[in-house]
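Look at the two complexes coming up: subunit A is in both, with subunit B in one and subunit C in the other.
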Partner chain A sequence: MMNDMSKIEQGIAVDAVKIQARGVQVFYGEKQAIKDVSVEILDKTVTAFIGPSGCGKSTFLRCLNRMNDTIDICRVNGDIRLDGEDIYDPAIDPVQLRAKVGMVFQKPNPFPKSIYDNVAYGPRIHGLARSKADLDEIVERSLRRGAIWDEVKDRLHEPGTGLSGGQQQRLCIARAVATEPEVLLMDEPCSALDPIATAQVEELIDELRLNYSVVIVTHSMQQAARVSQKTAFFHLGNLVEYGDTGQIFTNPEDPRTESYITGRIG
Partner chain B sequence: MTDQAMKEKHIVRSFDTELEAVQAHLMRMGGLVETGLSDAITALRERDVHLAERTVKADRTIDELEELVKTEAANIIARRAPTAVDLRVVLATFTIANQLERSGDHAKNIAKRSITIAQSASLDEVTAAIAHQAKMVQSMLAGALDAFMKRDPDAAQSIRERDAEVDATYNTVFRTLLTHMMEDPANITPGMHLHFVAKNLERIGDHATGIAEQTIYLVSGELPDDDRPRRDQTPTETTEAR
Partner chain C sequence: MADLTAGPEKTPKQGNAADAVRASLTRRNRKQKLLQGLGLGAIGFAFLMLFILVASLVSSGYQAFTQTKITLEVYVDPEEIKPEKLPRGGFKDVLQASLSELLPEVDTSDRATRKALAGILSNGAQFDLRDRVVADPSLIGQTITLTVPVSDPYDQLNKGTIDRDTPEQNRRLKDHEIAWFDQLKAKGVISKPLNTGLITNADSRFPELAGLKGALIGSFWALFVCFAISFPLGIGAAIYLEEFAPRNKISDFIEVNINNLAAVPSVVFGLLALAVFIGWFGLPRSAPFVGGLTLALMTMPTIIIATRAALKAVPPSIREAALGIGASKHQVVFGHVLPLAMPGILTGTIIGLAQALGETAPLLLIGMNAFITSAPDGPFDSATALPTQIFIWADSPERGFVSRTSAAILVLLGFLVTMNAIAIYLRNKFERSW
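Up next is the complex of A and B:
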């Protein structure tokens, strides 16, 4: 009842599945990093992946846009579907997939280019702009979505690396949304930011949710509680518990979840 | 909710210390309320005005402890951001502190009235029924606090069920008092005060039930939602049928 109400308040389209993962196993050589994970990631929802270091949450996140393809010894079994389409199908171009499933990393990593070119890079290589005016518009729209337009509009041609850490991270988010992705993966996007910049990014995540499915890996339990509607707890390569964030943080079902989120040894 | 998580210690040990401290203060509060109630009833039965006055004064300590528990609980929320079972412990502690403070006020009110009652005609039959009601309420209160500390939802549930008996005794006292007051107007002063004593006890029974419900919430994450049978029939009671 309460959950239904909060969904209505937040204007969430209830239960539209964006990504469906079934029986996912990941190996790094001989070592199995993900045991057997099945989960449905909802559209227009922020899903938080939490768990201790080495639990597999980042590994699983990186399966969702095939970032693990870049690691030679990594092998992924199972089935991951984006809007019903198998993303590991040989016919799928990982570059195209990553335009649809964007990613933001722990450390802001702007290209050593101008602010403008950082954002324009993706649309250019994917041929999303027909003209200079078109590209200008995409850059402005993306920087606005990244909630950084007002701060950079007068210095678009200065290097992105000259911005503060929080600004760089919002620039990277703007860069990620420039290719009109449908899903945004964020791997600890605030761990290098101060509390103000963190709050700005969290506010941005809340806005992005209106248009995207957002999946965020975070070590900050409070951040997971603040920004997400769904939380998945990973432990030793297993998805231990997945549910509404409110329920996970007030009344988790699994003792391992309880031990972890309350800061007990578990 | 799991026994495992409750027995495990936090990695940050001072968090455990703070949770233990706030609950220890809550239990001290509970002990003082039990003593206050017991003293108030003794003062009533034995017409002991001095004991009644001491009991009224003792309520101040209960109020101070409530402030302390609530401040500590607020600090834990602000500084530790408790989750899951820890959050429920803090919320339950906060709520129980409130219920104990109210119970303390009811005991104080009984003590105050016992001073007036001591100067009026005695209604031994009613006083005995009230003493019986008090015994039930005392045992409920002690049981509810015990169930909370032991995290025992079954014991808490049985406390909830006993509240109906307290309500039933209250109904009996109410009717008996009406009869006495109709018989002899001299009974009206002690009768009115004794009625409030019975009502105070009935309210403490409700608070004990509330404390028991917090234990169920603490363990299961959910408050019991089934309605307990309401046995208080006095809202529709008249003297007509007598």
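Up next is the complex of A and C:
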């Protein structure tokens, strides 16, 4: 715990703002899912989104890489900037944005292709590998970072869908980091994992923080406390409280945050 | 257990609830039994009908799968057939002479008798002989063994369709003709082999010679053209509508109309093809190419609908995964969605083609029911198709065409069953769990 706290201090001192959201509102048809959220997500930091089910965590997360574009009825207002650039600017190509802002989904969703092809897909379409050997190396490195290399190294050419749920999720994490994103969005990445795999993923997140900005949605307070330096608490589409993880968990300002953390709403 | 029996006295309310459940359970079970019974009954009825259909086709059609033939020792008489006059010559007379040898007691001085005698043989026999002699003129002056079909009445007699007990004047064969045939049979020159002519011959006026070759090739070309046009166009349209088109009034309108198009009676497409392809574009009548175009019009809505359903069935998580990595829309569609939808698309396409194969009305309108005695050389040659050939034969009065009609239907059904089996095989083979 002491170690964690010192890291946080260190992080805040060094890191700049990576993503800046101002006045973000999201509508699904007539229904408003996000009401005027403003937040600054720091570089080289793990930010946790917590809050009761249906409060809009996933919705807000999906705004950050414009995944909401794919939902016809979804409308996003407000201003979101990545490194100072408006990501909803018509000049920005969402494809380019998503290469920079990777995503891991709640439900493991490997392609029905081989394990190797799953991981190699991103580097291939973005032209990140110059040669076969290069690609092999990227795949191995990514699978190692996804904490799944040892389990799959002998069957790289078997289908990814043949893995267990937890293995599939780690494969998806490996696939996401293979494109070397600057920001990694994770929507409840550990909900299908056992405690050991969860610990491995958390370790991975901690490592990723050295280079990237990581945003993780989680229902586990313990996980939020373990891996994040910043925590945002959402409630009914509002960002109720945002601050240092240590402060949110020990000394929340808003009574709603306190009752959620202590288990009274949720 | 003890709890259960003690229960009702201690807490009457709970006991009532359990009783109510038990009472309703018998009712619910009875309902379920009834539903199951009705379902089974419906399936049984469907099977019975199918069985009756196939049984009646087989019982009337199996005769057409064999053909009565006669084996003759033919002396290719140089008097009648001269090398320099080929391919003309007295082939008919030569054949009749060899028949007379088999039936020496028949007096052939009278013309009518000679004609009746020659009538035992199919009209095609002389052409068989001619083709052999033309191919090898050195046969002239030799005696060759020739196995040729007998004509339809004798074929029917041999197969037992002509009843010997009917009065002579109501019979197609007179008593003495039956006697000739019996003599020939006694001499062992009559055989009843598998009727390969059913597949290898084109259509003919004479049932014993008529075959499906022209119709099979015509149907092949028509289906080929139909596939080559409707498959790429249908898939393209479906991908555009499902993946790229904006959802608005126009795309709704198009969608409704595609569904309507699938329900348009096929004869209407035939009229359209007649007016547009043949009338305006001046494409040839009776050509499988035009038939294929017409069938493509009908198959396309089926393929579009099947493709859209298959695309819709691809789980959104796969699209999200690819999009999340930074694949562009077309990479997602062509790299992930389309391959996963392919089994469904193929299944829909094969079923659409199977429908097209059995389609008759539009082909009748564009003239693919013409009487054509040679197989087409290409998609622009006049031809019939399987269903129109069935239509033609069903319309012909000769006994031999009755069994041939059933046999042709069996052949068509065989193709349809095969195509549907392929569709089911593909569906099962590529079925995935996500």
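Please note the rule applied: the second predicted complex is superposed on the first by the 252 of 266 C-alpha atoms of A that agree within 3 Å, B and C clash if a C-alpha of one lies under 4 Å from a C-alpha of the other, contacts with A are read in each partner's own complex, and residues count from 1 in each chain.
By definition in this document, a contact is a pair of C-beta atoms (placed from the backbone, for glycine too) under 8 Å apart; a residue touches a chain by one contact, two chains touch by 3 or more.
Computed from a predicted model, the values in this text were never measured in an experiment.
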Subunit B versus subunit C as contact partner of A:G127, first or second or both or neither: neither
Partner with the higher number of touched subunit A residues, subunit C or subunit B: C
First (subunit B), second (subunit C), both or neither touched by A:P110: second
Partner chain(s) touched by A:P252 [first = subunit B, second = subunit C, both, neither]: first
A:P195 touches, of subunit B and subunit C: first, second, both or neither? neither
Partner chain(s) touched by A:G84 [first = subunit B, second = subunit C, both, neither]: neither
First, second, both or neither for A:A176, with subunit B first and subunit C second: second
Residues of subunit B defined as touching subunit A within the complex: 1-2, 4-5, 8-12, 15, 81-88, 220-222
Residue ranges of subunit A touching subunit B (in the complex, touch as defined): 221-222, 225, 249-252, 255, 257-259, 261-266
Subunit C partner contacts - residues on subunit A that touch it in the complex: 65, 67, 70, 72, 95-99, 102-105, 107, 109-112, 121-122, 125-126, 161, 172, 175-176, 179
Touch list for subunit C against partner subunit A, complex: 247, 315, 317-328, 331, 336, 340, 432-434
